[in-house]
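Every chain is named by a letter (A, B, C and D) in the order it is written, and numbering of its residues begins at 1.
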């Protein structure tokens, strides 16, 4: 079974920070269509803060990394998505409490806790056109791959692909929450801004996995 | 000696009202260069009010016409120029107290009182780049023509020509009063907005005289 | 972006430094300037905490003061304060009688206040929550719980603040605030967008002769975008929506808030209020209290909102009560 | 022109109708809405009358009220009220102790107040005149009599109002007001023009990244037009001019008015005030009183002004005194 060591996983955070900095203007524009344009700002702040907080730790285990990242995000970006992402990392941290390395089973547990935490905090259900509509498929993807005994690189690739499709599918939905809800039918046809963030997470996780795989 | 009957003179006011309505935008633009753009509004309001007030009178004598016009202007347009024009008409009215018809001597007295009233009310002296720099030459022109025993039509024509030249000469001056004073040297080169109004008065008076002359 | 600022990312914190310099009646908790609290908490009184994004001055923090609120979590421009910050404010203002959370109905704020409330409970601080949802344009009748909170929260602050100042217990303060909420309606209209300093460009485009009726204070879309109409017609259209769902009988009394969004001159608010007065006269409704000015803004956005609180005998004296904050002063007679 | 109005020519009168509807503490004399007066004149007190063009709310009429002014002649937008109107206001407010005319140093206003004063004398009403001329940018030292009056007149209103409320005689009220005038300095900066309703287009053009330091409230030109600088640098440049001519010693006290011109958000005023506070700290000057907000506007013009009153023992308590007008409320503690 392939997996990633905690020392390796810390490398995920600089990667997320750079990606969200690069996506800043695109996310501002996306959120601007049916929201208040802040998503690019908040997500880059959030993941820069997570990167810095994790970087300050001395050889942290997996749950500590995720918890510290979540707490940093909560502080740095208390917007809707910031708070949900913080909740996700904090819940994911608990799901990884016993995990010494990151493998498919761990990722399945992490994303399930992440998605459920977001659903609970945001009081959203599937189909409400939120980040949950991408997060839940990611969790399902890892769970299915775990059941099937898939390799980490395949699972990550599959989850990423699932996220891309799930994001695409949000176009057909009508926003029920947040500022976008006011746009009602006008939100149909647009991909959900929060879902885009989730998709980026799955994308970066996959790229990271492919680059860093070690066998144990 | 040629002169104008009071019943005829009442016809001057509709003429002034129409002219200032026609000059509205030009005066707004002129005042806008070194002022607050209101001159076109205030002068058309002022002379429409004067026209209506005089029209409401029953066969008024000359001093009454001028007094009523002045009072109407004071009410309708209490801006700098409105107040000065009101003062001019009120003082001019007194100068015409004994006048039964309007002739060169009467016009000389009228404009002298007009110009002196403006100077006193505005505390301006010649050369300050104000309406006075056109009003005073108009008064001087009528006084000189009166001394020379000129005919009314020639005097009016001469006064108008004098006003045009005096207005042109205001370009060389630097504004010392009102909102234009703040522009200091930048006001040089521009014709004075208030002076333009005085020049219009002389111009309309002349045109009116040429159209309406009767002999007594 | 024509704004007076230094680095855009310092916008909120430098604003707060200016506020603390100007107004010694307020201070901050936990060494965090965004944990804004009264310098004079009243022992034994129910604390009232609000919070929300910056860019709406005097909302939200401007209503912290005598007979009004006790604390405010200050977020970035249009962003919620964090749960941590709200918790610190909660701890500071709690005087043993519990704390009312009173803020606008926005997802980000709800989640953070909820989290703070859960943490406060661990610290044995009782909290109750009322979220303002006065914006009629933001959802249909029957779905009021989805409506945004806008300027009308001012009346909730006023009622809650006076009730707490009268030393009523938390449940009673919450009940009265809920009642004020149920009787408050707002309609807004916007003429131009505002610029979030860190973004640097307008959040939306609107034509040179257009208005958007029902637009939210972050530029959320409204009910209709159309050609700017005469002031009286704009008020008529807005009030039609409010009259349609709040039944004012002849002889009833209301309080009115004519709120400028930031870029609309006060002169225009009075022209608009003139029409509102005519409409109320025609229905025999008495405007018992009225405030005009800027209460909940979107920085330089042009536009205004009308908030109406349907008074009753319980709410009226609370609305009439004296209040004194750095941003809002009301003499009581 | 993005304004909420009906017919542009009704702008001022409809605004006044709204004001009279909203505020029963004020009314009008001589059956003319533009003769704005307090509904509660105080017998035996010196009356204080101001006046000037509309478009600057709350200036001028907004300061008619308790412990402030007694009447105001209301002109058209940026235009003087008429001498007749000022006379009617004068007659109404005179309570036997004479009337102080206190208004901004503009030609149109001066002539009309002068005419009104001459007519009042005929009616045996004593008048005295003080014209605000606080705008440092509008003329050089030594030519202060040519300076425009801008937001700083607020301090003159406050001092004069409190002095009159203390039942001082006309000469004494005038003396104190002259003193406040001599000690008040203002510098302003504008970022955008405003639109006079009846004209319908901006009074001047200014580049998208330009500011004009020293611009007057009707768009009169200032000292320099340049690229918009950071907030701190703008305050520094403005205060250099004020410090250069008003000598504040260490330990001196001042009152500060940070005034928005209409289109500039309150958030920015606090950012600017933060810097002002730093400059005063550096000189050891104490800001004893500060007001921030919109006091003298140019409708939707973006920009602000800083007014400083150099306090002394006589002026300080007058500035501190309670005041209560429909537009300005100040608790005295």
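Simple rule for what comes next: a contact is a pair of C-beta atoms (placed from the backbone, for glycine too) under 8 Å apart; a residue touches a chain by one contact, two chains touch by 3 or more.
Keep in mind the model is a prediction, meaning the values are calculated, not measured.
Visitor: Spelling it out: a chain qualifies if it touches subunit A and also touches subunit D; which chains qualify?
Guide: Chains in contact with subunit A as well as subunit D: C.
Visitor: Comparing centres built from CA atoms, which chain ends up most distant from subunit C?
Guide: Of all the other chains, the one whose centre lies farthest from subunit C is B.
Visitor: If you average the CA atoms of subunit B and of subunit C, how far apart do the two points sit, in angstrom?
Guide: 56
Visitor: What is the distance in Å between the mean C-alpha positions of subunit A and subunit B?
Guide: That pair's centroid distance is 79 Å.
Visitor: Could you grab the centroid distance between subunit B and subunit D? Build each centroid from C-alpha atoms only and quote it in angstrom.
Guide: Distance between chain centres, rounded to whole Å: 33 Å.
Visitor: I need the residues of subunit A touching at least two other chains; which ones are they?
Guide: In subunit A, no residue touches two or more other chains.
Visitor: Which subunit D residues reach two or more other chains?
Guide: Subunit D, residues with two or more chain partners: not present.
Visitor: Drawing the touching chains as a network, do you get a line, a ring, a star, a complete graph or other?
Guide: line
Visitor: Write out all the pairs of touching chains, ordered by chain label.
Guide: Every touching chain pair, ordered by label, is A-C, B-D, C-D.
Visitor: Looking at the complex, which residues from subunit B come into contact with subunit D?
Guide: The touching residues are 28, 32, 34, 36-38, 41-42, 74-75, 77-80, 82-84, 87, 121-122, 177-179, 181-183, 186.
Visitor: Would you mind writing out the residues of subunit C in touch with subunit A in their complex?
Guide: 75, 77-85, 106-108, 111-112, 114-115, 138, 146, 148, 196, 198-199, 203-204, 216, 218-221
Visitor: Mind listing the subunit C positions that touch subunit D in their complex?
Guide: Subunit C reaches subunit D through residues 2-6, 11, 14-19, 21-22, 54-55, 57-58, 191-192, 194, 208-209, 228, 230-232, 234, 262-274, 277, 287, 290, 292, 294, 297, 299-300, 302, 304, 324, 329-331.
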